[in-house]
Each structure stands twice: as structure tokens, then as C-alpha cells.
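Here is the structure we will look at, set down as C-alpha cells.
Labels A, B, C, D and E are assigned to the chains in the order they are written; within every chain, residues are numbered from 1.
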């Protein structure tokens, strides 16, 4: 155990403290303190990590620690981070932090809400710091189940249906995943569950890889919104409360991409090389299909959910290209999409909280009514469609450039097709912005509405800062990630 | 197979068992069923006697024929209800039951009768009651004091349970 | 030249300041900050130009290419990375001047024009953003930096077109502008990707190109695709449709973005990549030339029948950019003496056009400011009311028509010379277009300033000094720019080239222009009350070519085609079916799985009938089934 | 003795399945119980016969029979108690009456 | 004769002592002393657990009739703890007017069945095995019919005893055939004689069917739901956990010890049975409205998962199985504890009655949620670990497809568990169950179970100590 375990401990402490809380003020205090602590920890980790690399540490993971847990089954609680996980941890803590403030005014069963929320974040953090298959899987599932209650209790619309669908589909995915994990463990000789060691052994027979790679990939792919397993996403996101949508689209969907990369592709590179084309086609479909679907939606959250399908599809797409640049781009895209989709959901939540509708036909002229939120919405939209200076551009360009470096014309053709999504993205984003923000207010009732409150502003500004920060100064994080994808990529034969 | 006395006795017992078994389960009158059961139990005891397991035969007579059947008769009388509509289920159920039974019977008979058992060798001679006693009370292999003790607990529990269920309160 | 960084940083800073704190400022303060920054940038740009061109030439007679700043911004691979930096060479320095000057003029002009508008501060913030992006675009050291700023420019344009965000037309126009250029940018992006892959670099310099196998075939494709991006931004047929609609933005914005600077980005792109086009894809260059030629004619024809003053100017802009593009396209070598003249001509025309077209737009803005309408039918006889505007507008019209001493004459003459040098057909073609240009410009001029007086609701008056000053300044520039020895500074291979007027060509074009002006004067210069209809020349031409007229006034139905493609095909035939499939087939499949389980659960309930005898049958059946199963295997 | 063991087996098997048949088709719960009695009895015969004919060395089958008789007696006693309880509850002991729990 | 060997069968003897003391107390103590009955029973059970916990040596007694290994102690101990928890939860029920005078019988009968399970587990001979099995099931029938004037209880009792007798008839028939074809009933001698001949296959099938009845595997499960629904809730809990757990362990012991030569056959059998069990039970559970009935199907499906530990016949499977039983016990008894206290206090047992429970009784709702999550295999609760390990064991033995099917089925099971959670937290209700205070015993039991649910997984020592017991046969 080392300081990385704080990522699990802090949420645990938050759980305990929340349990003891008596009123809303205490709950808010705990949440603010906990999420800030996590954010500070992540920022410190980034510096520590970079310092560690500067100092010449070339291990594939830094800050590794290992505690034997279930010795007979080679299950350890082992932690370690590389550039990818550091980036993901940073992302997660930003979103947990902002999500906390986005749900500041949560009034119905506040304590329970934040309890599940903290549990969810514990799962997320645990997943990113773990290097043990079992621990990863465990945290992965910890992150899934609070979702049901969070959506089911605090959601809106067809929340029960959506929550159930989301949970079941993701659990279906984890059924695949568990098979895959077991396949990997036994395929590699059942001596260790540590992914680094398994990768070091590199001894899973090819024919077994060809079974377990698709299984694992689909398992994570369900969470990463791989076509055709993405259908939980629109309903789920649409029904979830604001902070949950943020955390879900922002972080949880990244678990999918991260897992695909860290487990499926890292441990079974040969099969990945052999079978990537199938998934490339599927992810290519995701990218285009999600974007087109988003064009005709009328619910704000549906638009964003389909947009997420498209963008997360791009993550998997880039990973499957199996070169360092594309993989870096994929991680950048995870970061970028995480931030901006969280921003979107935060804003949608705030708008919904005021207007009580998300139907774009019933919204209009919000720019006049709530200029701050509207401006932020435009910024989010621009980030989404890849405006330079915001994070989307950085990620997408890295992905397209990287993918296009593939020697196979098939891959390059797919890249071009995927790149076409940026136009469609522009179409639906501008359609949306034009409909709801510009023009004259559609509903005279809306004229009385107020603009953002301080905690909403804090959360939104925080996210915008991150989006812009990533977009303006991408080199350091791109380097950090680029170094870290190399050990994985070097195992692969594209 | 020459028709020795043994054979004749066996054939008699077998016929009684088979016929009465079938009658037990096919007769419409419940009391008759109990009676046929009694015949079956008697014949079974006869078989035990015939294979020189007299002790077993005696136990059979005592417990089954003497105890259980009487219990049945009493309970039948106790639960005797006037409105008799014939003790038959719907014919579809009968057909289903009959089919399942015949299939099972065919399968079982076929398998048991084609099985190459170790050659059977029957020697006349009663079991020494002392052997039985030692076997029942010994602690070694092929001795059965432990089951004997356990069954006593079972019987105790059954008594308690029986009282629990049967008493008025 | 380290100070050049401030040319980029100052507008960026001003944008941030105005965007974040603008709301708390008084409008005048915000405008003042924007204008001051713009002024400083102009000074810096002029200083840059002075220092740059003032520096001695290299041995081969070219101006040195300076890169004061360059740093890796986003690394991709060892060879491919996006750098951010500043590249100074003749054309970028020239562009700095153009952009900063026009931008400054627009900043000043807007003080008057936008006075009292809601969102004044926002307006200036966007202007700063645009200025910054455009400057970044021109000083880009590599194609990806250019692309990045290219996108930023697009967004600023989007924001500014949609400045009046409550007007549906403005919203639609801004959306259209962004999406059309975005679509074109996709071509640009793919071009970059292909280029990066086959050339192994994002640099503009041909000597950096390390061709991969297959690169010879693919590089023309890459360059062609890049031109698609340029064509989108520069409104080449058939991607021009956004520009006329973009006139929904405030008029100064039209002047800055949609006349002088952003729309010529495509031209600048081709010029920037010129050595590559010449070296690797001369065929593409030819295609570019014909595209430009066709567009210029096409737009000019449409301009003749438009009735909205800004739209006429917009189509005129398209047409003029067509000239520049054509001029680049007709180049056949790097040597300005032998077929490379077009490069210089194009840049020259870009320069002069920026001045006079900005002037035209600002003048139009002044007029609109006065009469509160865009429609020419609502105008007439304004020379009495708006003398300054009248004069400067006339200067601009003469310039664009190609009348000597005005700058347009010189640059257009070079273009025509270059075209004749390429092929007589192209030369005559472009001369014809030039004549049409003269015609529609003077149609505009006469209708506005002479012609019949409509009844004004209130008497139009001259604009305030903040607006007239830029007009006068630009008019002066228009008058003088032609005399700049442009070829000394800029030419296709960097060496000095002395401009000389080709007599025959000049004579032909002047004659054609004068005839066209005469025709326009004949038809439109009459005074008197307005007639219902029938005296407009194109209207009277309706009888001759009814189909053509109708088509032209509908802008040849290109918008309708786009409308059809977007709404009927993309939305109705792709998006809706996909959304439907997603909800009903893909999602339906998973729902069906759930339903199947539930229904099966319901269907098998009779198994649990409550009858123990049935249970026993199952029991027996199970045991027998196991037996049979085990016996069979 | 020259009667083949299989004859005994055949008899016990028929008895077994007669019992099963009875269990599957009788309407009266007591009749069903009687049928079970037949099943248990047939098993007893099996054990005794196997022991006697095939493995006369040890008395395993023999004692199994003894204990099985004991167990079945206990079972029967409990079963009858429960059935009488049913009767007390419902005033009859037809099998159709105990299917309230289902689905 | 020398009966010293009896001294070595420590747990059983002490349990008999417990039974006898309770019996005597019941006989001798008057009505006034009844309130001490439960503390006494629980105390004695604690003693029993203590005795079981003290490490004992492996034993081979009565000529192989009785075999005892540390692993068996562990199992017995788990069963005993389960029984103790049942006793604790029975408090409110046993205080009821119509049961208060029967509590002695309740304890004695329950402990008799427990004793039967002890013997069944430790049996080294089919005879003792059979007697243990019967001891475990015959008094159980009385327990099922305990509320004898409640229509459902009586019906359930009748169903249970009839089907149990039918099944033991078939099981005995199978045993007789095994005896006939091998000539011995001792586990240690049997494997040499087992050849997999058709007769032995049939014998195995009948034997297996009889055991499957106890474990309630499809298609031998049909009694389960009816009996679980009808029986008093405590008994249902006991039946679903203790009885089932012991039977699975005993079955595994027999399969490994006796039917080792027929491993491919029984693996094949279990393979299909597991698929059928998990799937069909899940499908049934989807539509249940009565919570006890619902939990019955859930427990059938859990039995299918238990069999995943059996199927490999490996040491890992054994460890995973025992661990699974432990975890399952904690979770299921927690669920039954909550249900029974609610049933006692409000008489409500339908899913719909639980709507809005969280609003009125948050603690109970929360415990039930944890229990259901654990049953569904959601981390960080113990159910996740046990499921993972049992899948791992089955996977190790090469049953990849089976594991996958089982995993897919966990999704279905999650659905119905979540339905209950949904009812408690989400569904609105005009007339929710009124808030009430549970009695101390139930609270203790629930705390124990909850502690188990939370801790058994995360604290690896428990698994490791089971693992350290080795193969345990």
C-alpha cells in the first residue's frame, strides 16, 4: 500500500463521515472537503509522476505497491500508475469535484445520494489505480451498481426503465469481462493476476487469445459504448441526475476504453492485431452512427448521449489502430470527452433544473435569460466539435493523425470515414445551439428564470478551465501519455 | 429350472407381490389398497424367510405389517370422507404417469437384467443371531453401532415431531 | 523580430479581457481597449513590414524567411507534430499589414456603426478573437498550425455572423457558414492527413518533403483536398453558398471577415503552398484555376440580379476571389517571368481588393446606417445626403471596375496578363468577367446614389466621423495602393519583379469596363420617381433569357440543392432512419431479450403447478433423462 | 437354491414402479403414501437379495434393510401425522386440495 | 464393549448434548421459564460453535463409517452458525401466542436436522449417509408444518414429506443398485468397484436425483418454491441455507470420494443440470410476487452456482464451495431475517408491500439491499468474491462455456434482485409498512449477517483459512 491507496481511502472516509452526518451542511462540508482532497491529490500526483519520470524512472508503472490479498488465488491488491492512469485520475477527480458542486442543491435524500456517489467514485478511482485483474474488476463493478440507485431514485423521466437497462447491459458486459479475465488468468498459466506480470510473461497461446480478446473487448466495449451495445447510454444518460450523468459519461465510459487498452489489448496483443478489424468496423459505425443519430434527437441529453457514443467510439477506434500516436490520441480523447461531456451534462442539468424541460422544441432564447450558462454551453459545444484551443481539437487531431499513420489502406479509409464525423458533429451542435440559445425565448415563463448560482459557476468554470487548459497546452500531457502507451504498443503487431 | 419347492414358493410370493402391488395402486378403494399393501408386505417377509434372512423377515412383519399397516388403517378410517368420487385423477394424468412409469420400468428392467452381476452363489443357512448382534453393536468395519445410535436420534426426533404435529394445540 | 509575438498575444489578451470582464465595462472602454490593441498591432505589423522588407536580400535575391518563434505544441510522431510559431516571409508580412489595417479600420468604424447595440463589448471581443486567429493563420509555420487557426477563424466568423442572435436569419446564416466551411475543412483535414502521411512533414517547404512510396500519386490528391478547404473558406463554387447569407452579420464584420481577410484565406493557402502545387501537382493547380474562373463568372452573373446591396457585394467578393484563385491557377512555374506572374498578381489583387472591398462594405454600412435598409429599391439619390460616402464609394467602384490610377486596375491588369499568358481563352474569359464586374458595380452605384428618390421616412444623413474616417483612409489606400511596386516585395520565387502594364490587355479591359459602366449609367442614372418595375436592365433582359434570369436571381438553385441534400437526404434519409433503427432495432433487440426472458418466465409457470404428482413426474423424468443422457454419451 | 437372483430383482423392480405409478396417479394422499411404502419395500428386497446372493460375506445389505425399515417407519409416522393435520385443516386429503401454493 | 471411539466424534456428541439439554429444559421448565429458552438455546449454540472451533484432528472412526476432516469441521461450523442465526431471528416468531409453547420442539427438531447433516457430511458409508440424510429431512417436514393450523404451512409440510419420501425411495433404489454392482457401501472401497457400467450409471442417476432434490436443482426443484412459501419464514431460511449447504457439500464429498471413476459422467450431468437450474430458476424468479417464493427461486439459482464449485471436483472448487456457502448463508439469512421480522410485525410478504420501505424502515431496507446485492454478486459485498471464486474454480476445470452461461444468468438475477431494491427505494406507496422496532435478537442476527456480508469478502483471512484446510476429504 502506498499513497495511491488514498484514492480508495478518501472515498471510504467520506462514506463513513457521510454516514455520521446529521444535516445538509455537514454533508456538503464532507463532500466539498473530500472531493477537494481528491482533486489536490490528483494534481499532486501529476507533479509527482512527472518528477518521477524526469528523475529517469523508466518503469512502465510508477508508485507500484503490492499487498497480497488472496494468496491461494494470486489475488493481490496492487497499485501503480502510468501516464494514462494519472490522466484518468486527474479527469476523475475533476469530475467528482465538479459533480459535487453541480449537485450542491440536491435536496431529496441528500445523504444517501452522496453516499452512493462516493461509492461510485471509489470504484472509479480504485479501477484506475489497480494493476491487478481482480481488483480492477472489483472496482469496475463497484462503480456500476450505485448507478442503478442514483438513476433510479434521483433521476428523471423514465428513470426506472433506464436505470434497469443501463445496469443490466453493463452487467451483461461485465459477464463477458469476467470470462475474459478468467481466460487471461488461466491462459497465462494462472500464476499471477498482475497485469504487468502477465504482460511480462506474454504467454497466452494465440488460439486462446482469439477467444478471450473479443470477449474482453466486448466486455469493456459495452461500457465504452461500442456499437451495438451502446443503447443503454442514451436512456441512461437522459434519466440520470446531473452529477451522475457527468460522472458516468465523463469517467465511467472511460473505464471501458481504459480497460480495453490496459487489459484486452495489452495482454493479448497478437489477437488484438488479428481481430482488430472487426472492432474497427464496429467502432467506425459507432462514430458515424452516433453522430447521425444525434442530429435528429430532440432531448438535450439524448443529443449528448449520442454524441458520447460517437466520441467514445472514436476512443476505441483509435486504440484499435495500435500505434502510439493514435493511442495517445485515444487517451487524450478520453480526457477531453470526459471533461466536455461532463460540462455538457452539468449545463444541461442546470438548464433543466430551471426550465424543467429538455426538449429543444420547448427551449429557445436562453442566451437572453441565462447568459452565463448559455455562453458556457456554446463553449462546450465548440469544444465538442473540435475547436482549436479547446481539448477536443487536440484529441481528435492526434487520433486522426495517428490512425492515418497505419500502413494498411483499410485503416486509413476508415480514418477518413471517422473524420467525417466532425462535420456531423458541427451540424448537431450548431443546430442545438441555434435552437435553444439563440432566438427569442419560446416560453414566456422562462423569462423569470435566473442565471447560475455560485456553486454552479464554480463547477462549470472548473471544467471549462480544464477543457481550455488541455486545449491550449497539450504538449505536456500528450508527452506524458505518449511515453506510457509505448510499453503497450510495443507489444503489438499492427 | 426344475420345479423344486423353493421355486414354487418363490413363484407364489412373486405372483402375490406383483399382483398385489399393482392392485394396491390401482384399486379404487383406499382401504383395499391398504389391505393389498399388507399382502405385499407379508410376501416380502416371505421372501426374506425364503432367502434365510429370518431376522429380517421378522422385523418386516413386526414393523411393517404389524405397525405401519395398522397405522394406515387407522388413519384411513380417521380421514374417511363420505363424498367419494372415485380415486382417480384425470385420464391425462394417468396416461402421463403410466407412460413415465412404463418407460422407467422398461429402462430399469433392461439395465438390471442385462447387468453382469458377480456370479450368485446361494448357500442355505440361517444367520447366527449372535453375528447380527455383534455386527449391530460393534465399532469396526461392517459393524453398525454408529448408525444404530443415529437412528435412535432420528426416531426421537420423529416422535417429537409426530407429537408436535399430531397433538391438538 | 521577437516582438512579432505580440501581434498575436495582444489581440488574444484583449479577447480574454473583453470576454471575461467585458460585461462589467462601459461599452466605450471595451471598444477602446479593442481599438487600442488593434492600433498597436497595426503599428507592430507596419514595423515588421518595414524591418522585414528593409532588411537586405539574400544572395539569391529573395527575402529571408524568418521564424522568430517555433515550438512543438502537440507532438504526434518523431516527424509529425503540430508546431506553433511565427513565420515571416513576404506574403505573411503583406497579410499582416492587410489584416491589421483593415481590422483597425473596422474597429474604429464600429464605434459609430455599432453604437448603442446590445453586446457591444462582446462584439469587440469577437473582433479581437478574429484578428488574433487571422493573424495566427497567416504567420503559421506549418500546415497544421494553419489548420488550427483556420478553424478558429471559422468560429469567429460564426460568432460574428450570429452576432444578432435573436434574428432567425442570422442564426441560420451563421450555422450555414460554419457547417459549409466545416465540410470543406474536412477536405482540408484529410488533405493534411494524406500529406502528412506521404510527405512525412507538415512543413510548407518542398525541401522538407520526404516522399513515401505512392506519394507521387497521393500528393496531388492531398493538395487537391487542401484546396477544397480553401475553396470552402474562399467561397468557391459550389461551396460559396454560405457567403451571401453571411451578410446577416453586422456590416463592419462583413467588411473585415467576408470581404477583406478571412475569405481570402483560401487564396492565401494556395499561395502558401504554391511551391508544393507547382512541384508536385501542377494538374491540380490548373483545376484550381478553372474553378476560380468559373466561380468568378458565376458570381458575377448572380451579382447582376441581386437587389440587396450587401449581397451584390458578397457575390462581387466571390467573383473577385475567383480572380485571385484563377490567377494562382494559371501559374505554370515558379519564375514570375515565365508563367509565374499569376502568383504576384493574385497577391497584389488580394491586397488591393482588401482595401477597396473593405471600403465598399464600410461604405455600404454607412448607407445602411443612414437608410436602415439593405434593399437597393429603398435607396436612390443619396449623393446629396452623403457626400463623403458617395465619393469614397465611387472610388471603390472605379477601382473594382479596373479603371486606371485606381489600385484595382493595376492588380486586375496583372491577373489578366497572367491569364493571357496561360491561354487566350482564359484571358478573354476573365476580361469578360471584369466587364460584368464593372457593370454590376455601377448598377449598384447608380441605383444608390443617383437614380430615383424613394420617399425616405426620415432624411438620410452623413455618418459620424468614426465611420467616415476609415472610409476616407481606405479610399486613400485604394487610390494609392496601385502604385506600390508590389512585385518588388512579392513574387512567386521571391526575387524582385518589376510590374509593367501590358498595353493591349489593359486597353481591352479598360474598354470593356467603360462600356459596361456606360451601359449601367444609361439604365440607372436617370432621376425621377421610382417606377414599379421594368427599367432594371437585367429585368428587361428577362424577356431575352427568362430561364437564365430566373435561375440567376435564385442563385442558380444551389441553395435549394443544398437544402435538399441536408434536409431530404442527410436528415430524412440518413439521420432519421439511423435514429429509428437505433431505437427500434438495436435497442429493440436488447429490449426483446428482456421481454423474452419475462415472457418465458410467465410461460413456464404452469410447470410449477402446485401438484406434487406432476412434480414427481418431472423428478422421475429427470432421473431417467440423466440415465439416458449418460448412457448415450 | 437355483432361482436366479434376477428374478428377485425383476419382482422388486416391478414393485418399485408400481409404487411410482401409484404415487403419480392416486388422488388420495394416504394412497400415495402407501405407494411410497411399496417403493421403499422394493429397495429393501433389493438390498437383502444382493447381500444374500452376491456378497454373502458381510451383512451390509442386511443391515441396510434393517435400518431402512426403521427409517421408513419413522418417515411414515411423520407423514401420516402431517396428513392427518392436513385433514384437520381441510377436512379431506385429496391431492387436488394441496395445490394452493403454486406458480 | 469399548465405545471409546464415540469420544472422538466431538461435534456430534456435543450437539446431541445440546439437544438433550434443550429437550430436558423443555420438559422440566414451566411456562415461567420459557422466556429463558431462547437465551439458553443461543448460548448452547455458541458453546457448540466454540467446541467446533477448537482445532480437531482428522479422524477415521468406526471402521470407516465415520470420517472427519478439518474441512468438514469448517462446514459443520458454518451450518451451526447459520442455525444460531436462525434461532436469533426466530425470536419474534416464537413469542407469538400460537408458537410460544412449541419453541422447545422447534429447537430440538432443528438441531436434530443439524445433527443429521453433521452425520451426512462425515459419513464414510452410504448407510450412515442415508440415515443422516433422513435425519436431516424428516424432522424438517415437521418444522415446515410447524404452524400447523396455518393452511399454507400444513400444505407445505405435506408436500415436503411426500416428495421427500418419493425422492428417498428413488435414492435408496439407486443405492441398492450401487450395492448390487459393487458389493460394498463404504466410500473407501467403492471407487475401485465403480466402472461406469449402465447399471451404475442408472444408480448414480437415481442417487444424484435424490441429492438434487435436497439441493433443489432443476428439474428436481419443484417442491422448493411451494415449501419455502408455505413454511414459517425462519424455517425457510434454515432450509434454504443450512439444509442446502450441507447437501451440496455432502454431494461433493460423495462425488469425489465414491464416483471418482465416473467423473466425466457426473461432470456431464452437472453441466446440464447447472445450466437448467440457473436459467429456469431465474426465469421463474422474474415473475414472483411473494418474497419468500421469490427467494426460493433465487436460492434454487444460487444452488446452481454452488454446483459450479462441485463440477470441477477440485480442491479449489471445494474451497470455493465452502466459502460460497458461508457467504450465501450470511446474505440469505440477512434477507430472510428482514423478511421475517417484517412479516411478523406487519404480516406483509408481497413485493408490492415493500414499496417505499426505505422511507419508513431505512435500516431494514438497507440491510435487505446489502443482502440482495451480495446475492447478486455485487462488490464490495461478499457475494461478489464467492461468485468470483466459484467461477474461477469452474473455469479452471475447463468449463468455460458453462461459466459464461452462469455469468449471463447473473444479469437476469440482478434484474430481479434490483426489482426488490427498486420497490424499497423507488416505488411510491400510499400505505407503506409502518415503522417499527425490531427485537434485540433479530438485531444481533442482522448485524452478524451484515457484518458477514461486508467483511467476509474483504477480509481474505476467512477464505484463506478455509483454503488451508485443504481438500478435506
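The working rule: a contact is a pair of C-beta atoms (placed from the backbone, for glycine too) under 8 Å apart; a residue touches a chain by one contact, two chains touch by 3 or more.
What you see is a predicted model; the values in this text were computed from it and never measured.
Chemist: Can you list every chain that touches subunit B and also touches subunit D?
Modeler: C, E
Chemist: What chain is the most remote from subunit A, judged by the mean position of CA atoms in each chain?
Modeler: Taking each chain's C-alpha mean as its centre, the farthest from subunit A is B.
Chemist: Using only Cα atoms to place each chain's centre, name the chain farthest from subunit E.
Modeler: When every chain centre is compared against subunit E, the largest gap points to C.
Chemist: Closest chain to the overall C-alpha centroid, by per-chain C-alpha centroid: which is it?
Modeler: Minimum centroid-to-centroid distance belongs to A.
Chemist: Of the chain pairs B-C and B-E, which one is connected by the greater count of C-beta contacts?
Modeler: B-E
Chemist: So what's the Cα centroid distance for subunit B and subunit E, whole Å?
Modeler: Centre-to-centre distance between subunit B and subunit E: 31 Å.
Chemist: Taking each chain's centre as its mean C-alpha position, how far apart are subunit D and subunit E in Å?
Modeler: Their C-alpha centroids are separated by 26 Å.
Chemist: With chain centres taken as the means of their Cα atoms, state the distance from subunit A to subunit C in Å.
Modeler: Taking the mean C-alpha position of each chain, the two centres sit 37 Å apart.
Chemist: Where the centres are mean C-alpha positions, what is the separation of subunit C from subunit D, in Å?
Modeler: Subunit C and subunit D have C-alpha centres separated by 97 Å.
Chemist: Give the residues of subunit C touching no fewer than two other chains, as numbers and ranges.
Modeler: 594, 605, 608, 610, 612-614, 616-617, 620-621, 624, 627
Chemist: Two-or-more-chain contact residues of subunit A, please, as numbers and ranges.
Modeler: In subunit A, the residues touching two or more other chains are 168.
Chemist: Pull out every residue in subunit B that's touching 2 or more other chains.
Modeler: 89, 93, 96-97, 100-101, 104, 107-108, 111-112, 117-118, 142, 144, 147, 151, 154, 158, 161-162, 165
Chemist: Between which chains does touch occur?
Modeler: Touch list across chains, by label: A-C, A-E, B-C, B-D, B-E, C-D, C-E, D-E.
Chemist: Under the stated contact criterion, what part of subunit B meets subunit C in this complex?
Modeler: Touch list, subunit B to subunit C: 89, 93, 96-97, 100-101, 103-104, 107, 111.
Chemist: Which positions of subunit D touch subunit E when the two form their complex?
Modeler: Those in contact with subunit E are residues 9, 16, 19-20, 23, 29, 32-33, 36, 39-40, 42-43, 46-47, 50-51, 54-55, 58, 60-61, 63-64, 67-68, 71, 74-75, 78-79, 81-83, 85-86, 89-90, 98, 100-103.
Chemist: Enumerate the contact residues on subunit E facing subunit D in the complex.
Modeler: Per the touch definition, subunit E meets subunit D at residues 126-127, 130-131, 134, 138-139, 141-142, 145, 148-149, 151-152, 154-159, 161-162, 164-166, 168-170, 172-173, 175-177, 179-180, 183-185, 225-227, 229-230, 287-288, 293.
Chemist: Can you name the residues of subunit E that touch subunit C in the complex?
Modeler: Against subunit C, the touching part of subunit E is residues 159, 162-163, 166-167, 170, 198, 201-202, 204-206, 208-209, 212-213, 218-220, 222-223, 225-226, 265, 268-269, 272-273, 280, 282-287, 412, 415.
Chemist: Under the touch definition given earlier, write down the residues of subunit D that touch subunit C in their complex.
Modeler: Interface residues on subunit D, with respect to subunit C: 20, 23-25, 32, 95-96, 98-103.
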